[in-house]
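Order as written gives the chain letters A, B and C; numbering starts at 1 within each chain.
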Amino acid sequence: MMLRIEDLRKRYSGVEVLKGVDLELRKGETKVIMGPSGAGKSTLLKCINLLVRPDGGRIFIDGEEITSKNDVYRVRQKIGFVFQEFNLFNHLTVMGNVTIGLTKVKGMSKNDAILKAKEVLRAVRIGEELWDRYPAQLSGGQKQRVAIARALAMDPVLMLYDEPTSALDPQLSMEVLSVMRELSKRGMTSLVVTHELSFAIEAASSIAVMYDGRIVEEGRPEEIIRSPKTAEARAIFKGRLNYVLV
Amino acid sequence: MPSVIEYIPFLMEGSLWTLSLVALGLSLGFSLGLPIAIMKFYGARLDAYVWFMRGTPLIVLLSLLYWGVFPALGVKIGPFETSVIALGLRSSAYQSQIFLSALNSVDSGQIIAARSIGMRERQVVAHVLLPQALRISLPSWSNEYAIMLKDSSICFALGVMEILTRARYISVATGSALLPYLLAGILFFSLTHAGTSAIELIYRRVRIKGTLGAG
Amino acid sequence: MFWYDLASSLLVGTMNTLELLLISAPLGAGLGIAIGILGSRKGFLSILARAFSSIFRGFPLLVTLFIVFFGLTDFGIYLSPTASAIISFILCSSAYISEYVRGAILSIDEGQSLAAKAIGMNETQEFLHIILPQAIRRALPSISNEIVYMVQYSSLAFAVGVQEVYSVAKSFNSLYFRPLEIFSILALIYLSMTALVTLAFRKLTERLRIP
């Protein structure tokens, strides 16, 4: 089990955002989390790499309990996080963005870092002509793919995607989703918060429906979409059957 | 040797002179700066004036006016009045910048809308541009107040009986070197904070809710 | 004779002014950046930093100057006019610059910080490699503005007897009594220095600009 979450809880100024979340993810598996806004999906992801400290429950990454650890930095190196707003480092080029984690955090030499960077940039299909560009000079889809490369460069055991295409128009979303799909197919353990049903069907082994701080239903995409058991799941998949029957 | 404490009322009285300099200077700066900003907004090239007033130190401007220009013109303008004029001229240059950027930040769609309902340009300025621009300017203007307050101390050079001049006087009269200036500093500090807080309060009252530029 | 004397006097004065500036500006900026960084963190030092900034922004430069030159004599500290001027300029400019730097640091989007954390950076690495480089660039226009102000308030050093260019011009005027010419040229000298500094900072901003 690559990721196991037990009874995770989080409170923000008196409001309980996570009310006991249980989740499991096997190595190589891709799971999609769906749900209305405010359900706590983003908070859940941020707890996994300890950007947010949970108030209760436990998280295990590759067998190791991380919630009791204080050395968050080492934990975060093993997890890749992709943000909805990309959050590329504005003052660095594409190459700079991807290599900075390698040189400053992992202590790699500049040359080794560049070699590794080239490898991951090719994997996300960012061509050489873009390597010296700055984030402001890139399209949204390019920015997000560079963000994925930045995360991949650290050789994570788990990739977390927080609504990676919500800020992109449909055209640019497709570029990003196809890269994500490829990574999943190559065996990258991934947890993806998204509204993109097509991605879930094509790349995920299961969809988890989250509502009001809890996982209310989980199942294989084909099953849960066709016959959702809970009211919350029905609310999401009802009427989207048309998309599925392609 | 008399003690500094006796002179405190004397020092505090200086605030009246200081605040007068500031109030009159800001008013002069406003009456010149706003029209300049409006003219620049509509394309007038007044860069030279702004450049001169912003690039010349206040003390140089004071000297130039008091010992140079006014005597040459044959007019007798006293130290206080000259100070107000110099402060006002310099402030007008800075205030014109403040107002110009505020005018520029008013959504151009509003200007077009006003014109298309038949408003004359004069009315557009009066009813659409200015009400918003003036509100947007308040925070920067509060900064201008703080700057003016400090610059007013430079007028000691012409002998205006403002706070710093009096502090010097006290220092000489009492032989105390640190305390008079320290007290003067605290006085300036307090006046700055009182003024900027007051402007902040006014700003909160009048600001346009929900807009970034005014919020 | 007049013009020649004027030119040579003003030249000496200008050299002295430039000397004041070349020492005060870098030190003021450096100290200002350091205090600004301190002020953006949490803790006791941060409170001190912000208090420093508040005080020396609240005191007019002349008051600070008089405290340093005259006031310290109460404690037996007798500083030269030039030293007093330099110290005062540094205190004043660093107070303002620290405020700009602090504001710039706090204005950096939280996402940058989150992304830095996500790749495993600790606080120091995050600050040094991600936050600070962006903050300095953001603060640069305000910092350059402050240095331009310094060019002008360098004239106030006359009040403690430094022979900078305003002081020289004033003395010259009391000898030759041609205020219009003398002070107009003086204004032009300051305008030129201002233009030079503005140009230098424009070049610097271009160099550091993030496309």
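Rule of thumb we're sticking to: a residue touches a chain if its C-beta (ideal position, glycine included) is under 8 Å from a C-beta of that chain, and two chains touch if they have at least 3 such contacts.
Note that the structure is a prediction, hence the values are computed from the model and not measured.
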| item | value |
| --- | --- |
| Inter-chain pair with the most contacting C-beta pairs | B-C |
| Identifier of the chain whose CA centre is least distant from the whole-structure CA centre | C |
| Separation of mean Cα positions, subunit C and subunit A [Å, integer] | 47 |
| Inter-centroid spacing, subunit C versus subunit B (mean Cα positions, whole Å) | 21 |
| Cα-centroid distance, subunit A relative to subunit B, in whole angstrom | 54 |
| Residues of subunit C engaged with two or more neighbouring chains | none |
| Junction residues of subunit A, two or more chains touched | none |
| Touching residues (chain side subunit C, partner subunit A) in the complex | 109, 111-112, 114-122, 125, 129-130, 133-134, 137, 210-211 |
| Residue ranges of subunit B in contact with subunit C within the complex | 51-52, 54-61, 63-64, 67-69, 71-72, 146, 149-151, 153-154, 156-157, 164, 167-168, 171, 176-179, 181-182, 184-185, 188-189, 192-193 |
| Complex contacts: residues of subunit A adjacent to subunit C | 49, 51, 72-74, 76-77, 79-81, 83, 85-91, 100-101, 104-105, 133-134, 136-137, 147, 150-151, 154 |
| Residues on subunit C engaged by subunit B in the complex (per definition of touch) | 55, 57-64, 66-67, 70-75, 152-156, 158-159, 166, 169-170, 173, 179-180, 182-184, 186-187, 190-191, 194-195 |
